[in-house]
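The following pair of complexes shares a single chain, chain A, combined with chain B in the former and chain C in the latter.
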Partner chain A sequence: MAFNTRSSEDAAVAELDGRFDAHIAPQVSAWIEEMAARAPARLLVNLSGVTFIDSTALATLVQGMKRARQQGGDLHLCCLQQPVRIIFELTRLDRAFDIYLSEDEAVTAFDS
Partner chain B sequence: MTARRPQLNAVAQAWLTLGATSFAIWGDGERLAAWPPVADAPSAYLAAPVIVAGRPTGELRLAGLEGDTWRLRLDADARLLAHLVEVEADLEGITAELIDQQDQLLALYELTQSTRSHLDIDQMLLSVAREAGRLTKADGAILVFGADGDQMIAQQHPQPLLDHDALAALFRVLLGAGRDLLLNMSTPSIPFPPPVRSLVSVPIEIRGQLAALLLLVNKVDGGFIAADLKLARAIADHAGAQLENLLLYQETLAQAQLRTELDLAAKIQLRLLPQAVPREAGLDIGAASRPALQVGGDFYDLIQRPHQPFVFVVGDVSGKGMSAALLMAMSRTVIRSNARSEGAGQPVEIIERVNEDLYDDFTEVGMFATTFIAQYDHARREVDYVNAGHSPVIYCPADGDAQLLQADGTAVGVLPISLCEQQSLRMADGDVLLVASDGLSEARDAKGDLFGYDRLLRLAEALRTKAAKEIVAGFLDAVERFGAGHPQDDDQTLVVVKGIAV
Partner chain C sequence: MESDEPMSEEHTIRIDVPASHRYLNVLGGCIAELFSRIDGLHEPQVVSYNVQLAVQEICANIVSHAYQGLAPGRIAVSFTVDQAPRRLVVDVRDTGRSFDIDAVPEPNLEEAQIHGYGLFLVRQLMDEMVYTPQGNNNHWHLVKNL
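And now, the complex of A and B:
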């Protein structure tokens, strides 16, 4: 499990690898808290390396999405692997989030 | 006493058929009900008292039949009615007690939530003092912690009532007493420093030693009562556990989960699941839940409603531990009361109201609950359902392949408005619907591989001809065998309904 973050003028980006579950969720949650407080709250979580996501992790992302939208921003997701995409589709979370195929697309979408 | 009208009707009709000219129920000197309804009260009758909890509360009166045989039967009816009334009263008592317990649990839960995030002792002491003052309506609450007697940490809420020396002296005396105290006036052995007029003192054991004290000072109105002492004791126990936990954390820099919390969470969870599977014409129903060691938020409910279709619910609150278990209890209660309300309506209307009721609370704590709500229409032999983000749900028609059903809306608490649309499934002979929790699809084997959706679908097809109860057992067994060598990460819950010949 790896969790890396970087920040540019366009967005704050978090990149995860491996299992995204209750073990890493608190770190992600803390990052979201910090980034959502900035203006504009533009958060992007790149899930390209994530092979599995559990309900605690989903709850963390939902909370981040709500927090960012409260601040007038948003939390975008990108680069979902097939097993993760299936979970988003089965649980209909693909309706709640804006999900993109690439990081560039996800960042550009903040301006639209 | 006349609440059971249809049953009483049957009894009365039986008497009339046997030759009675009238049958009546009396209570408080009045005729509560009579069969036939217009009959005037007869002057000659047999009477049998209805004795509830040792007190005569009414009478059955029978006219037109005489003799010991009829008297004995009437007595038997009266005893049966009395028993029914007693059982119903007991049930109401138990319900009220449960609600009380839930309120207290929630209050303690808030306290847990407000203190668990604190990693330094000062903040934690202040937080407990604040909650203790609020819960007991005391003028002031003080929490004192003195590990070795030489150093004392104290937090006073809402403002310092006692200076350091006065508090240190009082602390020594009260801790020395070694027991819970409720004093509404100063005593020679325990003199009150001003402005103390009354106090509750509860010593707290830390690692086998009395090392801390919760002190409530000056009740807002009147003196303290025994209930304040009891509540203070509960808070002190909690504070003690938190303090021990904090100390452990500070020493090891690894936060230990409180065993008591987990036990409590597990108890709540098991107690809230239906204890028996109801009988429902046209349906064979099976259900089971296997909690993980670290309690999750799974729940299910099987709700029979008078004059309304049978409803079943499966849900999963995100996250684990105490918070998940308590939110699960809350969700279950909200769904149940919505489903049971007059004019509850279709599942889609129930889920909309449930989402409205719970959205703010779930947002507050950053959690959500996937929820599947279905009702069975026996006339159409169909199940109407909404699926708010729940997975996996498998439909296995008698004549086709098993299929995984997508949710049609997001989980409760994700979006302010439920997007659920209601769907229907045929539930004729042999059609099977399985609503499971992700604890089954996400069970891992010794190598860390997931059980996955494909195995669930194949298993559904292999087991579909069996009875619902056996299908449930078959799934849990298969998942358990698969997971041998890897601890169960999450609750595993499964409700199976199957159409059967009527």
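And now, the complex of A and C:
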């Protein structure tokens, strides 16, 4: 599992690879907490390399989205692989998150 | 051996892992390899993913809840490929705390929730899920028809 982060004026971006599960979730959660405390809370999680996601990871993202929205911002997702997208659809979380096909679209959407 | 368990020992794989989130990926790898040698499946990668996620959810639940506050425990998992009917049977055992599965609420899918998706996903992804709390030997029995 790789977990890389970067920040720009437009957004704080986390890029994950491999399994996003209960083992890695605390690390992602800590990053979300730190970034959501900044204004504006514009967080983007790029899931392009994620091949597996479990309910702990989903919970981490939901918590992050709620935290970012409390701060007047948002947490966007992008680049979901098909198996991951299916899990979002099963739990109907695809309706709760703003999910984009590309990182550019996801970043631009913060201004819309 | 309980009556609801498959008898095809010749096609049974047993794995015993420490009850730690760190090692649960090993089970996913095992399931993926198991499926790589099962021929004739419709959408084998999807079926493999579904079983991997169901087993992950059960085991993560055991780590986070059954063994919470207890000395480090273990999780014993067996996978059996039955031919008639064609199915994969997964049995998971822990020696942690048991719980009342009927008291676990279904998630409200109308709003995003932080907890409650784990067992919901297992029920969605598998054809059977039975939890039998047996003192300090809890048993999860999962079946995926192939």
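The definition used in the following text is that the second predicted complex is superposed on the first by the 112 of 112 C-alpha atoms of A that agree within 3 Å, B and C clash if a C-alpha of one lies under 4 Å from a C-alpha of the other, contacts with A are read in each partner's own complex, and residues count from 1 in each chain.
Here is the rule we use: a contact is a pair of C-beta atoms (placed from the backbone, for glycine too) under 8 Å apart; a residue touches a chain by one contact, two chains touch by 3 or more.
Worth saying up front: this structure is predicted, and the values here are computed from it rather than measured.
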- Task: Please indicate which partner A:Glu89 is in contact with in the superposed arrangement: first for chain B, second for chain C, both, or neither.
- Result: first
- Query: Which holds for A:Val62: it touches chain B only (first), chain C only (second), both, or neither?
  - Reply: both
- Message: With both complexes overlaid on chain A, does A:Ala22 touch chain B (first), chain C (second), both or neither?
- Response: both
- Item | Partner chain(s) touched by A:Phe52 [first = chain B, second = chain C, both, neither] | both
- Query: Taking the two structures together, which residues of chain A meet both chain B and chain C?
  - Reply: 22, 52, 54-56, 58-59, 62-63, 66, 86-87, 90-93, 96
- Message: Quick check: in the complex, which residue numbers of chain A touch chain B?
- Response: 22, 29, 52, 54-56, 58-60, 62-63, 66, 86-87, 89-93, 95-96
- Task: Can you check the complex and tell me which residues of chain B touch chain A?
- Result: 316, 318-320, 363, 366-368, 370, 388-392, 404, 406-411, 413-415, 419, 438, 442, 450, 453, 490
- Where on chain A is chain C touching in the complex? 19, 21-23, 52, 54-56, 58-59, 62-63, 65-66, 83, 86-87, 90-93, 96-97
- Task: Quick one: which bits of chain C touch chain A in the complex? Just the residue numbers, please.
- Result: 21-22, 24-25, 28, 45-46, 49, 52-53, 56-57, 60, 63-64, 107, 109-115, 117-118, 120-121, 124
